[in-house]
Every structure is written in structure tokens, then in C-alpha cells.
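Encoded as C-alpha cells, the structure appears first; notes follow it.
Chains here go by letter, A, B and C, matching the order in which they are written, and residues are numbered from 1 within each.
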Amino acid sequence: MAVYFQKREVVVPGQLLAEGRYRASFGTYDDGDRIYSALVGLAELRGNTVKVVALEGVYIPREGDLVLGTITIVTGNNWKVDIGGPYLASLHANNALRRPYDDDISRYMDIGDVIAAEVIAFDRVTGPFLGMKGRGLRRLDSGMILEISPAKIPRVIGRRGSMINMIQDILRIQTMVGQNGRIWIRASNIEVMRLAIKAFKMIEAQAHTSRLTDRVKTMLEEEMANIHGEEMSEDMFEEPTDIEDSKESEDIAEPAELVEDEDTAEGEEPVKPEKSPKTEAVDEIKDDSPEDATEEETESEETETETKEEVSE
Amino acid sequence: MTDFSSEIISHIDRGFVADLLSKGERVDGRAFGEYREIIIEPNPVAAKAEGSAIVRLGDTSVVAGVKVLTGPPYPDTPDEGVIMIAAEMAPMASPLFELGPPKEPAIELARIVDRGVRESKTMDAKALCIKPGKLVYMVFADVYTLEYDGNLIDASSIAVNAALLGTKFPEIKLEDGEEVATGKELTLPLQNMAIEHTVAKIGNHLVIDPVLKEAMVMDCRLTMAVDKNDNFTAMQKGGGAGPISLEMVDQAMGMALDSSKEIRELITSTMKNPE
Amino acid sequence: MSPEVKPDSLLNAEGLRFDGRRIDELRPVQMEVGVLKTADGSASIRQGKTYILAAVYGPRELHPRHLTLNDRAFLRVVYRMATFSVPDRKRPAPSRREREISMVIANALQPVLFLEQYPKAVIDVFIQVIQADGGTRCAAINAASLALADAGIPMRSLVPSVAVGKAEGTLIVDLGDEEDKYGEGDVPLAILPGTNELTLLQQDGSFTREELMEAMQMGINACKYLHELQKDALKRSYSKKAPEGEDDDDEMDDYDDDLETDLGEADIMEDE
């Protein structure tokens, strides 16, 4: 029995990771009793399971993922949604609207609209299917969408939302982080918006390193101090007064639940814990009302971070 | 640059660009009349090409190469060299570029860059003649796109001019009907330099050197070639069917003139003193 | 650019090649990963004067539809030479040679890719030869392997490749342009580093059976070295991005919580 890599070592395809009675998991393949890496990524040993956390790659949908997509086609009772990656997603009106609804569904959401949705079903033969019946799932307006490498998203969220919450707190912005590499940001002014983009790009570049949360925090605090120093204006931190937002939150029914891990398609489907993480998420909810919407969003993302923790310190 | 009106641009992207413009800002923080950082790498293909340059315009990059060959002149211009400039929108540069023979956007790109060089008489074609009616120098400049984040036209124009400026080729003479290399090294007979400047119209705003996000929401763009005497030697409205007023054309011309000199000087200093 | 001159001889009295190399010596190689921002994965390679860029997009939706495969991704390689990459300008349109090389490169890469992971999708590999000085298809495979890994495409291994030739009866490794043009043969090959099996093998010129076996063995040895350079290039692209003073112990930062180790059932990628 032997393991041939260091903790958090960047491994490359074909690299021998382990030999003996180990189990080959995501990002690896085996040949006899030897396990090799199939990806460029960080090798991890958990118990006797060897896996490689990808550092690159296009978005491959998984059930339960929160994604941000753009509607490209409206056809009958379906919207086709571009979520990046090789598969165009479908959203059926029944999974998004309350009945009864109009025949012309473009009334509700049309081509060019950006939505936050959940992947409710996916196998590689048919495309991914989306649903919008869940907490925080809605059409997004204003703000901007930043695209980064989907493999780095777990680092953007951080363990139990530590990274994204820190960024939101310091900058006082609203965000929604899609597993497909898309981040929606709404800030009260352009300088703060640019800082947020800088932070996310920094995370993208350094996702494979440790102490990243500290470094990002330090960078943001320094930059914010600079901004404050230049201009002390009262409108600097106007909370986004968006009535639409709170109304939609009331509409929302249940929080997006993790789908239990059944037999997934052959390949490298990463494993998800089966317990609901709701208990941990509750600790994070704060009392200030404008922040509520934000916290709910991070709640649904947090459920997704469980499986990708390998990347954080 | 292509016409993106058929691509789906999200309302958020569209709104974001417009919102920023209304506040006097651009997505990457530049002023409306400001170019992205231009980096020119001289002579990357020195071993095989007579002239070459890689140009990075922000996150857009292209490589241009020049080959100087000899051949017969065109029948209607027996005492002039042959100049051919082409550009290819290679699919490696963007998921938006399709595989296959050049379509209209690629053809437009090539022809615009060609016109910029030709109409300004950048090269003295008569000086490329070896023997009238028999043998002339043929100058081929080709541009390949490597990365695309908007404004291939200006990037290609800078690259072609840089490559031409750095071109060195062996002198050929015709002796008893045979082509003979004299051993001397020549540079191209350059008498002008015209750079293309592209300005995008988005609503009521004009921005020079549009990035991809801006190119996807623009109503149209105006590309203008400006030569070393501040003369306009070529112009093309494209990139969308939106109309543009005379005032805006005038404004765009002013923006081009403001940037022209600096870019020409960058090209000249980089190619004349390659490190 | 200096005019093309045929060297007086490809091997000198000391048995060194016209550019000073030993018979089994590779040209100076530099590989870099992640050089193009738009592509999903990319790499550049300089092997002597040969300079090639490789860009990978995918897996992504495949157009035209009729090329889709129901059970796996379609691997599409497009190898193109810039008109100015060679002394005699190459015509811009795709040549038959380029198309053949595209196919041969695809065959060399296919065995390592887990294409069945992405049915109906396409993995596009674009290869742009910027400067050609011999061994372009081999250098292209070296770069394309890196670009595929950079794009996160799952692979069994990288694929190293090199061309072996013959000059004045002596076998030589990593042909430069002159050696290819004026030598007595060209054997480009590529291997699976794990098993040393060949995924690319072509030959022109004239070799005896023994010569060919020896040439291939020399090629395999050179490939092993190139493989080390490839792996190094990939790892290097990450160490570049790490901040300075990177202290990689078991220290956790302030935001760390307890490690969770519950993994449940694992799915394994089967080897074919």
C-alpha cells in the first residue's frame, strides 16, 4: 500500500497516485491495483479513497446545482437556457410558474433574461433540466454577470460560505454564485463592483493555494480603505432599495434541497453527502432585513459546497 | 469584428454596459477615447518570415507575418509590385468563430485591413519593381487571430504595419533571365503608415477600441484609417445595422485622430529597436 | 530571415549534427501552458525554431449535428500552418497535407482521452503553426496534450511525440527542417508513456528492419524525456499563480472548520 502524492499537490494526467487497496474516485482511473490521475488538479486522500479535485474544465451539470443561465429560445412551454458547458438546458413552465399560466410564456421570461435556477435532472443522454421552484430562484435584473472557471467556484463560496460571505460583508454587495462559473453581482457603485470582480478573479487565479481567504480579505480591506480615503460621500453605501427583491423572496416556497445521491452515470460523478446541511446554514442567517435575500442565496449555495470542500484549506 | 445582432446577449450584460456608459464609465474602467494596453512583440517568426509581429490589444491578440516573394506583375500594372493582405478569423481565437472557409465577417476584416494599407499608399509599389512587365516583388501579409476580446480590426492593422516595418528581404536582380540574389538585404519601401481605429456606437455614446462585451451590444461601429499626415484614407461603417448621425461621425473622427499618433509611434519605436 | 541554404553535410567528422547536436540530442524545448485566454485550454511549444500554438475548446456542443456520436465526444483536430511559417509561402487554403496531419494527430491523441464521458459533444483541438522548422506534427502533439489537460479534459496520460530520422546512414533524433529535407528518412512517432505503446507512427525514406526498430526505440527514449518536460510545464503553470511565501504545511487559515470526510459511494473511471 503506497500513496505517492503530498497533500494539496498539483498532479497531472497519468501521474501514479497510489498502489494497493485504495479506491479510485473522481478525477482518477485505475489499472489493476494502481490509481492514476486523469486530470490536472489537487490530489486528496480521504480514508482509503483517492480523488483529484479538478482545477480546470467546462461546466458539467449535476443535480442540485444552482446555476445562472441566459434564456436563448422560447418554444411552446419550454425555455432553452444557456448555462455554459456542452449541454443546453431546458426549463419547463411547470417547473417555474404557478398555474394557471398564460399560453405565451415569453410574457414571464423572454430571450435574453438571466435566471437563477436549479438543475433538477441530468444525464448525459438528454440535456440538463432546470427548475425554479426554490428559495432565491428567480429572474435576475441589474447588476452584472462575471464568468470564471467553474472549477474554482467552490473556492469562491468557501467552506460553509466563508469566502463569499466575507466578500459580501466587506463590500456590502449582493451576489449569487452559480456552480456553472457565473457570479451575479449587484453593487451600489462601480468602484465596489470592480473590487468584487478583482476579488473573484484573484480567487480564480489562486484557487489551488492555501490561506486564500486571508489574502482576499486583506486585499479588500486595504482597497476599501483607499476608496474611503478618496471620497467620503454619504451615498457611498446606499443599500440597494429593491422592492422587487423582497416581494419575490416571499413568493418562494421551499429551500432548494439536495437530491439524494443515487447511482449516477458512469464516470466521475462526485459524491454528495446525504444529510441535509440545513442545520449549519441556519447559523448564518442574520437579522438585518436587506441582507436576508443575500443570506438565502448563500444558503442554497452552501449546500453545494459540501462536496467541493477538498479545495479549501 | 462581426455583427453580433443574432447572438443572444443577456439583458444584464446589455444593461450593465449601458448603465456604466450613462455614468461615464466603461466595463474595464477606460475613458471613452482610450485604447487598451498595446503590446507588440517584434519578429517572432524571424527564422522563416521576412517580417512578423504579435500584437496584444488587451485580451485580443493576433500574429501577422510578411512573406516577400518574386513573381510576375499584374498585367494592368506592369511596373508595380504586388501587395496582398489577408486575415483569418481562426476558430482558436473564440468560440464565436466557426470552422470553415471565411465568411463575411472574416472577409470584411481582411479587406478593411488591406484597404488601410493600400489606400494610404503605405508602400511605394513602383519601388517593388525589379523588371517592368517581367518580375516584381510580391508582398504578402497574413494575419491570424489568436485570442478574441473585441476589435480585431485595430489589432490586425497594428500587427500588419508592425510586421511590414520590420520586414527584411534579400535583394533580387534579373540577370540573363535568371533571378539572382545580390546578397544585399532590403527593407520595404514604406512611405506612409495608416492605422485603423474602430469606434463603437452604443446608444448615444461612442467608445474607441471596444471590448467584446461592448461589441456585442453596439448599434454599429465606425472604422477609420488615419495616416501619418492625419488624413483619413479609408472608412467603414459596420458591425450592426444601427444608423449613425453626422455629428457622431465627426466625433468619432476626432477620437481616431487623438489616438493615431501615439500608436504609430509605438509601432515605430518597437520595430526599429527590437530587443 | 536568412535564405535557405543546404548544409554541406548533416554530420561532421566528430559525428555531431550540422547544428552541433549529438545524434540523440533534442533541440531546446520550451513549453508553456495556458497562454491563450479565450480558449478552454492552451499551450505553446518551441522546439528549436519550430513554434506552435495549440488551443482546445470543449467539451462543447457540436455543429454540424451529423457528426455527433451517441456514446462519446467527437474529437476534432485542425492543424494549420501560417502562410509565413515556411520559407516558401504556404497557400492560405487548407492543404491535403494539413488535413492528413490533422487526422494523424487526432489518432495519436484519441487513445488517452475519456471521450465516453461526454456523449454528443465535441472536443476541438486547434493547432496553429507559427514557425515551421521540422517536426511540426510531433511538436503539435506535445502542445495539444498540454492544451487538453489545461482544458480539464480527463486523460489517461499526456502524449509525447518526436521524429527520428537518418543522416548519412546514422540515426538521429528530433529532426530539424534541413535534416528532414536533406536526410534519408523521417519517422514521426508518439507514445503512451505508461506502456510505451505507439499512438502515432509514420515513416518515409528507406530503413532496414533493424534500423527501424532501433529508430523507434530511440524515439521512445526521447519521448520519455519530453514527457517529463510536459509534466513539468503543467505543474509550473500552477506554481506561477501561487503567491510568494507559500507555506504548504498543515496550517489552516482563520476560516477553517472541521474537515468532513464523508464521501459515500465512489464512482470509478474504468480503463478500457
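Rule of thumb we're sticking to: a contact is a pair of C-beta atoms (placed from the backbone, for glycine too) under 8 Å apart; a residue touches a chain by one contact, two chains touch by 3 or more.
All figures in this text were calculated on a predicted structure; none of them were measured in a lab.
Colleague: Just grab the chain with the largest centre-to-centre distance to chain B, centres being mean Cα coordinates.
Modeller: Following the centroid criterion, the farthest chain would be A.
Colleague: Between A-B and B-C, flag the pair that has more C-beta pairs in contact.
Modeller: Pair with the higher count of C-beta contacts: B-C.
Colleague: Which chain, with its centre taken as the mean C-alpha position, is closest to the global C-alpha centre?
Modeller: If we average C-alpha coordinates per chain, C lands closest to the whole-structure average.
Colleague: Compute the distance, rounded to whole Å, between the mean C-alpha positions of chain B and chain C.
Modeller: Their C-alpha centroids are separated by 31 Å.
Colleague: Starting from the mean Cα coordinates of chain A and chain B, work out the distance between those two points in Å.
Modeller: Centres of chain A and chain B (C-alpha means) sit 40 Å apart.
Colleague: Touching at least two other chains at once: which residues of chain C meet that condition?
Modeller: Each of 60 in chain C touches at least two other chains.
Colleague: Using the touch definition up top, name the residues of chain B that touch chain C in the complex.
Modeller: Interface residues on chain B, with respect to chain C: 44-50, 52, 59, 61, 63, 65-67, 69, 86, 88, 90-95, 98-99, 140, 142, 144, 146-149, 168-170, 181.
Colleague: Under the touch definition given earlier, write down the residues of chain B that touch chain A in their complex.
Modeller: The touching residues are 8-16, 19-20, 23, 25, 29.
Colleague: Flag every residue of chain A that touches chain B in the complex, lowest number first.
Modeller: Residue positions touching the partner: 70-72, 82, 111-114, 140-145, 184, 190, 194.
Colleague: Residue numbers of chain C touching chain B in their complex, please.
Modeller: Residue list for chain C touching chain B: 1-3, 36-39, 49, 51, 53, 55, 57, 60, 63, 76, 78, 80, 82-89, 92, 124, 126, 128, 130-133.
Colleague: Which bits of chain C are touching chain A when the two form their complex?
Modeller: Where chain C meets chain A, its residues are 40-41, 58-61, 70, 73, 112, 114, 116-122, 149-158, 193-194, 231, 234-235, 238-239, 241-243, 246-248, 250-257, 259-271.
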